[in-house]
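You will see two complexes here that share subunit A, one where it goes with subunit B and one where it goes with subunit C.
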Partner chain A sequence: MTEALLAVLRPFADIVSGPAFFVEVLIGGIAAGLMYSLVALGFVLIYKASGVFNFAQGVMVLFAALTLVGLMERGVPVPLALALTMLVMILLAFAIERVVLRPLVNQPYIILFMATIGLNFFLEGFGEMAWGANVKKLDVGIPDRSFMVKGVQINQLEMFAALTAAVLVTILAVFFQRTRIGRALRAVADDHEAALSIGIPLKTIWVVVWSVAGLVAIVAGVMWGAKSGVQFSLSLIALKALPVLILGGFESVPGAIVGGLIIGVGEKIGEVYWGPLVGGAIENWFAYVLALAFLLVRPQGLFGEKIIERV
Partner chain B sequence: MVVRGAAAGESVTGSDATGPLLEVDGVSVRFGALLALNRVSLEIQRGEVVAIIGPNGAGKTTLLNVISGFYHPYEGRIVFDGQDRTRLRPPDVAALGVARTFQNVALFKGMSVLDNIMTGRLLKMKGHFLLDALWWGPARRQELQHRAFVERIIDFLEIQAIRKMPAARLPYGLQKRVELARALAAEPELLLLDEPMAGMNVEEKEDMCRFILDVNEEFGTTIALIEHDMGVVMDISDRVAVLDYGRKIADGTPDEVRKDQAVLDAYLGVAHD
Partner chain C sequence: MIYREAGQFKTTYGSDQAIFPILQDRIFVGLVLVAAALVPLVADEYWLQAILIPFLIYALAALGLNLLTGYAGQLSLGTGGFMAVGAYSAFKLTTAFPALNILVVFLLSGLIAAGVGLVFGVPSLRIKGFYLAVATLAAQFFLIWLFNKVAWFVNYAPSGTITAPPRTVLGVMVTGPQSSAGVRYFVALGFVVVFALVAKNLVRGRIGRSWMAIRDRDIAAEIIGVRPLQTKLLAFGVSSFYCGIAGAELVFLYLGSAETLAFDIGLSFLVLFMVIIGGLGSVLGSFLGAAFIMLVPIFLTNAPHTLGLNLPVALQKQMELMVFGGLIIFFLIVEPQGLARLWQITKEKLRLWPFPH
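Up next is the complex of A and B:
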């Protein structure tokens, strides 16, 4: 009994005795967390503005990365390829509004959700048809090297990804909370009819939001793609975004950030220090168990709007 | 009241300042086999308070929805301020200066009262995407100006005490008042109210009547409202239009309408012998 307890507590001693290594793990966790946030952010944006849970967000990340790599493979220089990919994602937003959302205005949310499932499979097939299904390497010009700062090893690519994510996330958070368009977005999310009646053009808002979600998907696709190659499994990072959303709250931009950080840091520390104790693979389930616990205690998430139902 | 004068950049779009503000001309709306509106015509003059009454299912809300662009008629025209705008969509109608409230309060439930009313100012706000995002310079000044305007509406409707509360927590009567505030924030030329007093107690109804009359008198806003409470209708409206089974069966001053045989028949029923 005491032996088991000791084994569980020993990692704490390890943390204290090796602070440099701990900082390294922490940084790794923060970097991974920000990348989760980036994916979760795509969900939050669309959920806030249209109340739709966009099942296709993960595939949008994959599609963006595929398009970028595909263009680069055909000899298009990086900046141009990036610009073209942005254009493709914005066109995609227009198409989605016209073909999927507009015919379904004021339908129950479950219908819209199912429409995004359809979108998911369409994009997946279409992306592979257009760009091929083999694993591709994405080289964004930032070497996957590490450097040492005061005995702490830092990966250059991870650092770059983390910084980009941080900047993007900050801009979006301010935009939503503080501005006229942000308020319009929140209004649309809350009540379509009322939003229309005060002069908010639903279509424009949707195109804006899906475009922004598309751009976020590009960033996420580039970061994840550079790390682990562009392939189908890229779309599965959406699954990691789900616990982030449950933790942070579906309609909160800051929630997506904090949720991502908690999960990124939590699973890294769990894996490195407590992993050996249970034979590893903590990273795979940590996020979901945490999310489950949250659902029991605080179902609206850390920053979600409290669910109030008048009886 | 200072509100109207303070309207930043507001100008009277006087293309036809003498004609009616709104002209509904032979409008029909059909839902499948149901003829919800059957060649209804109605003129609303500038500065009037017009009540639209009728039994349940008479087409009152449909008429309001047609005016505000939620439905489009399959025949007939809608002329606002001398311009045909039969097929405009709701946001465009709002941009022309028509604000409305809904039968079942349509507030943004997750947002505070203040934010709800601020959304009513959206059309009056101009902005640049990036400046907005940075919350900098003109964007910030503009936000503060509009905020000041909204505070005056809050004072006017006497809802200072609840301005920070989430809309969903308010009792029904207050929600209706906040919805009115949001509509007023847009400084409308024409205000459409769908049953503004439904579900209210006597005291709340009296307050609401007073607010509606004050809005009409002090801002000169033209008002069309749907209401079931006959006492209220007769008290506050200059003119009453009566709908029954999608047709307009009467239109006149409250006194005229009260004595109209067709109206009495519609409300009390006719003996079929």
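Up next is the complex of A and C:
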């Protein structure tokens, strides 16, 4: 019994005795967390504006990355390829609004959720059919080297991803708070019917928000693609973003960032220090259990809107 | 004209409360059961093994999830995990007690799955909607990880797979490589018929009504005296019981041997699809949905051959994914309430036919 207790407590001693390594783990966790946040942001945007839990966000990330890589392989220069990918994602948003969302207005949330899973299958098949299923290397010129600062190893790509996430969140915050469309988006998020009644065009708003989610998917796709190559497993990062979502709250942009950081850091520390105790490979479920523990205290997530229940 | 209840007077309380109060329904159900019993005589090995047995097993799982999601309103993505609990506990039970009747083993493993379901159902008291759905993913990933990591669950087999050992019931081989598909079909059929009846009775009684009250508006239900704790946990328990038996059957009657990959998140989504396509909150819908989701991929795989097209394998797989996804969206748009609703509409049409006005 005492041995088991000691084994559980030993990692704390390890943390104190090796601060440089701990900082390295911490930085790795923060970087990984921001990468999760990038994916989670796409979910939040769509959920905020349309109440749809878009399960296809992970595949949208894959699709964006596949399109970008496919274009670059055909000799299109990087800026043009990026612009074309953006165009494709915006077209995709139009198509989704017209084919999937518009006929399903006013359906229960679970039906819309299912429809996005159908979309998930469709895009997966379509992306692979259009661009091929083999693993591709994505290189848009982001440096991927590590350097040492005071004995702590730092990866340039991770720093770049962190910076991008920060810029993206700032842009989104300004977009939501300061522009006319952003205001309309917040109105729709608040109350569909009230927004409609004061003349906000719901269809346009949906196209806009799915386009923005598509653009966020491109950013996430570029970052993840540069890190681990463009392949099918990229779509599975959606599953990594879900605990971030419930931890931060479904309808909160800052929540996605903070949630991502908590999950990333918690997961890394858990994996490095306590993982060996239970045989490793805990990253699949640890984030979920962590998020679940938070939820039991705050059922709407850290930054989610307070759930007010009426009869 | 054919489907009309005119002239059928109920003269006893018993007939008023019958599960199928209309004569035509009784005849129809009877015919289906007779047909199901006669199927092994005409169907060949391939049909039984590749289509009918998995259909019955998935129907049982869909029934279980439908009780939880369709009737009690708790969205769960942990079905695969609960089915894995059933499969692994059936394996452990039957290897530890070889003399124990395999049908009893199935029931016991269902009970173990129910226990695990109760544990993972506890957060539902505090967490609702999509937060709960994501939280149930914790069950899915944790359980699969557990069965992967702890070698005790697979009796320290180096391959990490569980294999159905040969077991007999009343002298007839039920599981194992030597058992005939016909016997396994009847076992699966027996389970699903009995538990469909149980479900049908559950949902029209006090328990089912309290589930529906919780689903429709849980606060209001609480105010009129439905206890959320017991009701939700019972839904999780019963649902996991069904899923556990289905999981045990999946390995023992269908796959023969399996590893955790067979119970990954894809299975959870598959069963959820069956429930939604079939119809949320409908026992019949669970069967229709299971049949649809089972048959579509088979149809899609064979369609290009029948049309004389010869597509590369990769392209065909991608086409299958696209058509499958497209079909799901199409069905949700055309009939969001599922195939069971289509059946209801047909019945109403038949009632008036041939004089629609």
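Rule of thumb we're sticking to: the second predicted complex is superposed on the first by the 298 of 311 C-alpha atoms of A that agree within 3 Å, B and C clash if a C-alpha of one lies under 4 Å from a C-alpha of the other, contacts with A are read in each partner's own complex, and residues count from 1 in each chain.
The rule is simple: contacts are C-beta pairs under 8 Å (C-beta built on N, C-alpha and C of every residue); 3 or more make two chains touch, one makes a residue touch a chain.
Fair warning: this is a prediction, and the values are worked out from it, not measured in the lab.
Colleague: Taking the superposition on A as described, I'd like to know which of subunit B and subunit C A:F121 touches: first, second, both or neither.
Modeller: second
Colleague: Determine, under the contact definition given at the top, whether A:P19 touches first (subunit B), second (subunit C), both, or neither.
Modeller: Neither partner.
Colleague: Going by the contact rule set out at the top, does A:L296 touch subunit B (first), subunit C (second), both, or neither?
Modeller: It touches subunit C, and subunit B stays clear.
Colleague: For A:P77, select first, second, both or neither according to whether it touches subunit B, subunit C, the two together, or no partner.
Modeller: neither
Colleague: Of the partners subunit B and subunit C, which touch A:I181 in the superposed model: first, second, both, neither?
Modeller: In the superposition, A:I181 touches subunit B alone.
Colleague: Applying the touch criterion given at the start, work out whether A:P276 contacts subunit B, subunit C, both or neither, answering first, second, both or neither.
Modeller: In the superposition, A:P276 touches no partner, neither subunit B nor subunit C.
Colleague: Specify the partner with more touching residues on subunit A, choosing between subunit B and subunit C.
Modeller: Touching more of subunit A: C.
Colleague: Looking at A:I171 after the superposition, I want to know if it touches subunit B, subunit C, both of them or none. Which is it: first, second, both, neither?
Modeller: first
Colleague: Which residues of subunit A are in contact with subunit B in one complex and with subunit C in the other?
Modeller: Touching subunit B in the first complex and subunit C in the second, residues 310 of subunit A appear in both lists.
Colleague: Can you check the complex and tell me which residues of subunit B touch subunit A?
Modeller: 68, 70, 89-91, 94-95, 99-100, 102, 106-111, 115, 118-120, 122-123, 125, 127, 129, 132-135, 139, 143, 166, 168-169, 182-183, 186
Colleague: Report the residues of subunit A in contact with subunit C in the complex, numbered from low to high.
Modeller: 53, 99-100, 103-104, 107-111, 113-115, 117-126, 128-129, 133, 239, 242-243, 245-246, 250, 278-279, 281-282, 284-285, 288-289, 291-292, 295-296, 299-301, 307, 309-311
Colleague: Okay, in this complex, where on subunit C does subunit A touch?
Modeller: 69, 75, 123, 126-131, 134-135, 137-138, 141-142, 144-145, 148-149, 217, 219-220, 223, 265, 269, 272-273, 276, 280, 314-315, 317-329, 332-333, 336
Colleague: Which part of subunit A faces subunit B closely enough to touch in the complex?
Modeller: That would be residues 171, 174-175, 178-184, 186-187, 190-191, 193-202, 251, 305, 308, 310 of subunit A.
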